[in-house]
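Structures incoming, each one as structure tokens.
Shared chain: chain A. Partners: chain B in the first complex, chain C in the second.
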Partner chain A sequence: MRDAPHGKRFLITFAVLSVIATPLVAIFVGREFPPGNATAQAHEQVFDNSWLVAIMTPPAVFVLVFLAYVLTAFRNRTGDLVDGPPVRGDARIQTWWMVVTGAIVLFLAGFGSYELVQSGSGGGQGPTAAFEPAGYTKAMDVQVIAQQWEFTYRYPTYGGVEVPHLVLPANTLVRLHVTSLDAIHSFWAYQLGVKADANPGSDNIAYVQTKGPLTFDIHCAELCGLWHGYMFDTGQVVDARAFASWIKRQRSYFAPVNRYLPAYATTYLPDPQRRAG
Partner chain B sequence: MTVARRLVGFNLLTGIILGVGGFYLGWFIGHHITGPSLDYFNDIDQNDISLFLGYILGVVGFLLGLGFGIYPWARLRGYPPSLREKETQGIGRYFGLCTDHKVVGIQYLCGIGIFFFIGGLNAMLIRTELLSPTSHVFPPGQYLTLVGMHGTMMMGMFTSGILGPFANYIVPLMIGARRMAFPRIESLTFWLLMAAGGILTTTIFFGGFPTGWTGYQPLQDQANAGMDSYIVFFALVGISMCLLGLNMLATIITMRAPGLTWGRLPIFCWGVVSTAILMVLAAPVLVAVLAMGMLDRTAQTSFFIASAGGSPYLYENLFWVFGHPEVYILALPGFAIVLELLPVFSRKPLWGYRLAVAGLLGVTLLSWLVWQHHLFVSGINSDLRPFYMLSTELISIPTGFTFLCGLMTLWRGQLRFTVPMLFCLAWFFNFLIGGLSGVFLSDVPSDVTTHGSFFSMAHFHYTIMGGLVFTFFAAIYYWGPKMTGFQLNERLGKIHFWLMFIAFNSTFGPLFAVGFLGQPRRVVTYTAHLHFLNVWVSISAFVLGISMLIFLYNFVSSLVFARIPAPANPWGSLSMEWQLPSPVPVHNFDRIPVFDADPYAYGEPRAPVAVPASSGAGGMS
Partner chain C sequence: MTVPSSSVRGAQQPDISAAMRETTAKLLGVAAGVAVVGILIGFYVSGWLVGDTRPYRPAATAGATPSVNLTLQTVAAVGPTLAPHADWVSYLVLEHGRWTRSTIYTLPAHALVHVTIYNFDGASGLRNPFLGQPQGLVGPLRFDGKVVHALPPDQPSHTFAVPELGVLVPIAPVSDAGENSPKACGYAPCALSMSHRTITFTFRTGKPGRYRWQCFVPCAAGFVDGFGGPMQTVGYMDGFLNVV
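Right after this comes the complex of A and B.
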């Protein structure tokens, strides 16, 4: 029993299983990952997720196979207190472990950074976005204003009209400026692959490249007080002509109230409102 | 008559009476110094200044009532320093200031246990609400208070979940000491924590708080008076944590018995050292940021108010500078317990001792460099995100050391599947899933989907509940016989384990999917197509709750009714604490032992352990 080639058996089982499992996971599990394929940014996230889950498969198989092997092969069957072999370490195994985990980690960080630098991946990037997608100078600006407990949207290139629901034109690069009037909120447009915190007094930019027409869900993803659970909405991506007629209608419909809005700005700070005592 | 006489004196009862008295004194003073002018809303219960003063004077009264003033007062009057040891065996010593580290360990175990069950009950209520996609049991305000109390209680009370009960009890025994370095401070850390827990519970009288355990500004500034309970709670926890860490460091650095070099120190003590370093350095940041929050709420400063020149980013930064080391304060003792127990139940030396120590210290160091991964989509320092991505993923290297050392210790061992061993093996499975799901959160593009969703919630429950609570139970089943002197029922222990393990995975596994499918955290409503998954999770959570009741039944019935005396060394361990009789005598060692090896010499020719004279236990072979 002691002389059985346990190490070889385990390594072969691990190698066979991970060679089989990794492509299966990458192909069948990876592409099922949300948030789907509706925008360039969402697609990038799915791509990232499927790579990550594939890379994680061998380590997971390693630990699980190891545990399964150890638990079946090395049980104390006699019930007596018998000592195992007094092995206190193995420099070769330790070195290999460090090299392999180090390589995986560096690859993951490099891969993630490369993906991030390409376009910002739909995440909020603050007032001066560090990583901008190609053609960002021509992006269409849309402002997302969060307040307790709803989102409103302003279109600075269309006279700064403010509307209660988000509609975006298809096949357009959109620069979302997310800001808040009170607490911290987070603008999460699920199918668009966009999440950006809304901070009072600061402008948080996220880019999204829309594709075809689509209806998408919007949630607040940062606890913002009493009605946080009810702070959701539905937005739409529509084709360019439909968008043009929609925004025209909005401008005339909201003109009577939009007159009283402050001029468009990247942030709005209401007067200091302090609660009492 | 004797009972009545025993109730008089410096004990918990006096502490509570003076605490309540102090609270009303502070409340009264607060209303007098603020006057009606600050009560803009004419709501006297919303006077933060009087509530803060009430809480602070209440804590002072509580500590004075427990007798923490006696020693400083005696020193001021010129008496020489002395250590008042309570050598009585009565139950009364558990209800007051006691300088015996073993009593404090038991106090911690029961005290934290109570708040653990309150926190768990909150979780059950949260899951009850989430049985339906709409708000149906609790109004949103109550629901958020439940969420906040669950998170805050678990994160706050369980920072000392291992170091409080087990390190306080076991570390002096492991290192051959008769006491902790600062026994009065040791007792103080416990009673501060209890005061804190009581104060957090009183938040329900002041309207609760809506912020969750993170207490983000400016919501914190906006919230009603229940928020003050959160602030005082976490500040007291921070002070307690900092003192506990200092005490542990001082004890392990200065009070090791002769021959116990750093290279022979049990790995559990290394885990305590690394956790204590994090506690001492992280807790002051927490206390500072809460003090700023308190000033914003009372003195109308504006550290965090954007419209008055402050910044909510400041809060997020400072909170997570504390908050990320905090999660390793919760995780590291778990690593250490797994590595400490595996050699005993594999009957092999700990594989790669130095690598294991390097792993613990590496996590300690790296945990300071990752905090902005909580802020990947917040818009702060967006160009630094690749750095935080790298530093976060680097943590998996030292964590991997723990895995390697643990797994290789099992290799070719003589495994015994006792209840503590089962909990340790479950740690591998849970922490594997917790760690791998963390990779999604550390990767910025993937984090855009998962951030702030149930995915991250499932992730940290896998690491903290799967990593800490499972090893907490491993420690109870392992050290329980030594600490209480009685055996725990093994069959019930196994039922508890299997039910907890299955229910835990059935609860938090599906939550990864719930998060990926778009449910944000801390919502009282959710979309209808997630109804089935949420009901599944709720029912599993109730089963998880039942498994805790099985443990409670086992613990109480074994200790109160069955009372089967535990042998001195039921596991055949070579560690020093098991060479002492159960329960341990008050002075631990009649003679300070001399160490000539580490406690992992299984299978090696070994000199008999230097057994102290008072011990009846022999070495095992």
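Right after this comes the complex of A and C.
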């Protein structure tokens, strides 16, 4: 047994299976990964996840083949409880191990950074977004206001009207300004590929490039009190004509309260009105 | 160094078995202990979340569209007879002629709910002025019989809001004069002879489900940001609509 070319057998098996499994996983499994392809940011995340799972496949194959090989080749056939020969270090294997794993980690760091630089990947970037997508100067601004326990939304380019549900026009680059009036919340629009913390006194910017009509889920992703689990909403992406009609109706419907709204600002630090401290 | 296998088996197997049984027993004991503690924590948390309130089911009128009447009062201090936290702000419900502290209401599906709220509390004010406009109602919101379209942000005492149903009702305060008069209500339950505002509105329940309702006004005096204590405990300023 000791003289058998275990290393060569194992490496050949691992290499053949990796070459077969990696493209299959990348093509057929990767495209099923969340959060879908409803926006440019969501599509980028699916692309990233496909790459990650493809890169992850050879190490996974390595572990599984190694496990199967040692269980088969080195199984105890006699039932003895005697220890096997001690395992000694092997400088060549250790060197290759460090080189390969180091290369994988460095590649992932570079890949992740490059993908982030493209457009921010739908994440909150703070008040001065470091990674602006192409055409960001013409992006439509929409403010997300979190409060215990509901999200509301303001449209500064439409008279600052505030509404209880998020509706976005299709095929539009949207700049979301996420903030909070009380505790720390997190705006998570899963199908949009957007997730941004909502902190009081902070303007957290996230970009999303919408595509076609869509209904999407919104959840608070930061434990924020008694009704955190109920802090969800359903948003919509609609075509430009439907959006124009909808925003017009909202401006009319909420006209009575609009005169009481503060001027649009990127953050609000509302005074406790009378009683609250 | 090599030990004959037969001697190893014969000498060690009974000890290994006993050790494994002992370890298994210990693991099972720890798992059972953890499960018991977990269940107790679960009971404690669920009890804390729903408080000591029990559901109230108003009588429904039959017809193509069933309807129910729900009569509530909001008070600045619930008082020692109705709750363990006498100074907490609270909703009460009129149940068979008596005011009781329940914020879980069982209502029929697709029904019209005619709500009357007697508010004995003063102004607290909204953190978000947007929540000063009534939404999702069938018909108008009335304060003392007068139709209201929106309240200034420093006015609301409380809100009655069911976000999943799109229902939002700001509640008008007792005037400053009323709050400072001898007729001001100190502790609940408050009689209608005392200073109050009457708020009336109607909403539709929709499909069966469990909908939470809450107050959006940071009205919990003495708590951080006015949103602790009664704002975070079912049975005071939060509750459920069990639509069946």
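Keep this in mind: the second predicted complex is superposed on the first by the 259 of 277 C-alpha atoms of A that agree within 3 Å, B and C clash if a C-alpha of one lies under 4 Å from a C-alpha of the other, contacts with A are read in each partner's own complex, and residues count from 1 in each chain.
The criterion applied here is as follows: a residue touches a chain if its C-beta (ideal position, glycine included) is under 8 Å from a C-beta of that chain, and two chains touch if they have at least 3 such contacts.
Note that the structure is a prediction, hence the values are computed from the model and not measured.
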Which superposed partner A:82 touches (first chain B, second chain C, both, neither): both
First (chain B), second (chain C), both or neither touched by A:182: both
Which of chain B and chain C A:162 touches, first, second, both or neither: second
First (chain B), second (chain C), both or neither touched by A:230: both
Chain B versus chain C as contact partner of A:196, first or second or both or neither: first
When both partners are placed on the shared chain, which of chain B and chain C touches more of chain A: B
Touching partner for A:116 - first (chain B), second (chain C), both, neither: first
First, second, both or neither for A:240, with chain B first and chain C second: neither
Contacts of A:145 with chain B and chain C, given as first, second, both or neither: second
Intersection of the chain A residues that touch chain B with those that touch chain C: 81-82, 182-183, 225-227, 230, 270, 272-277
Chain A residues within the chain B interface of the complex: 2, 6, 33-35, 41, 44-45, 48-49, 52, 56, 59-60, 63-64, 66-67, 70-71, 74-76, 81-90, 93-94, 97-98, 101-102, 105, 108-109, 112-113, 115-117, 120-131, 178, 182-184, 186, 188, 190, 193-197, 199-206, 217, 219-230, 269-277
Touching residues (chain side chain C, partner chain A) in the complex: 2-3, 5, 8-9, 12, 49, 122-130, 132-133, 135, 149-150, 152-154, 161, 163-164, 166, 168, 212, 214, 216, 218-227, 231-234, 238
Contacting residues of chain B [partner chain A, same complex]: 34, 38-41, 46-49, 135, 140-141, 143-144, 210-212, 214, 216-219, 221-223, 300, 302, 305-308, 311-313, 316, 346-355, 375-383, 385-386, 389-390, 393-394, 396-397, 400-401, 403-404, 407-408, 410-417, 425, 428-429, 432, 436, 439-440, 442-449, 451-453, 516-518, 520-527, 572, 600-604, 620-621
Contact set on chain A toward chain C in their complex: 78-82, 145, 147-150, 152, 162, 164, 181-183, 225-227, 230, 254, 256-257, 260-262, 270, 272-277
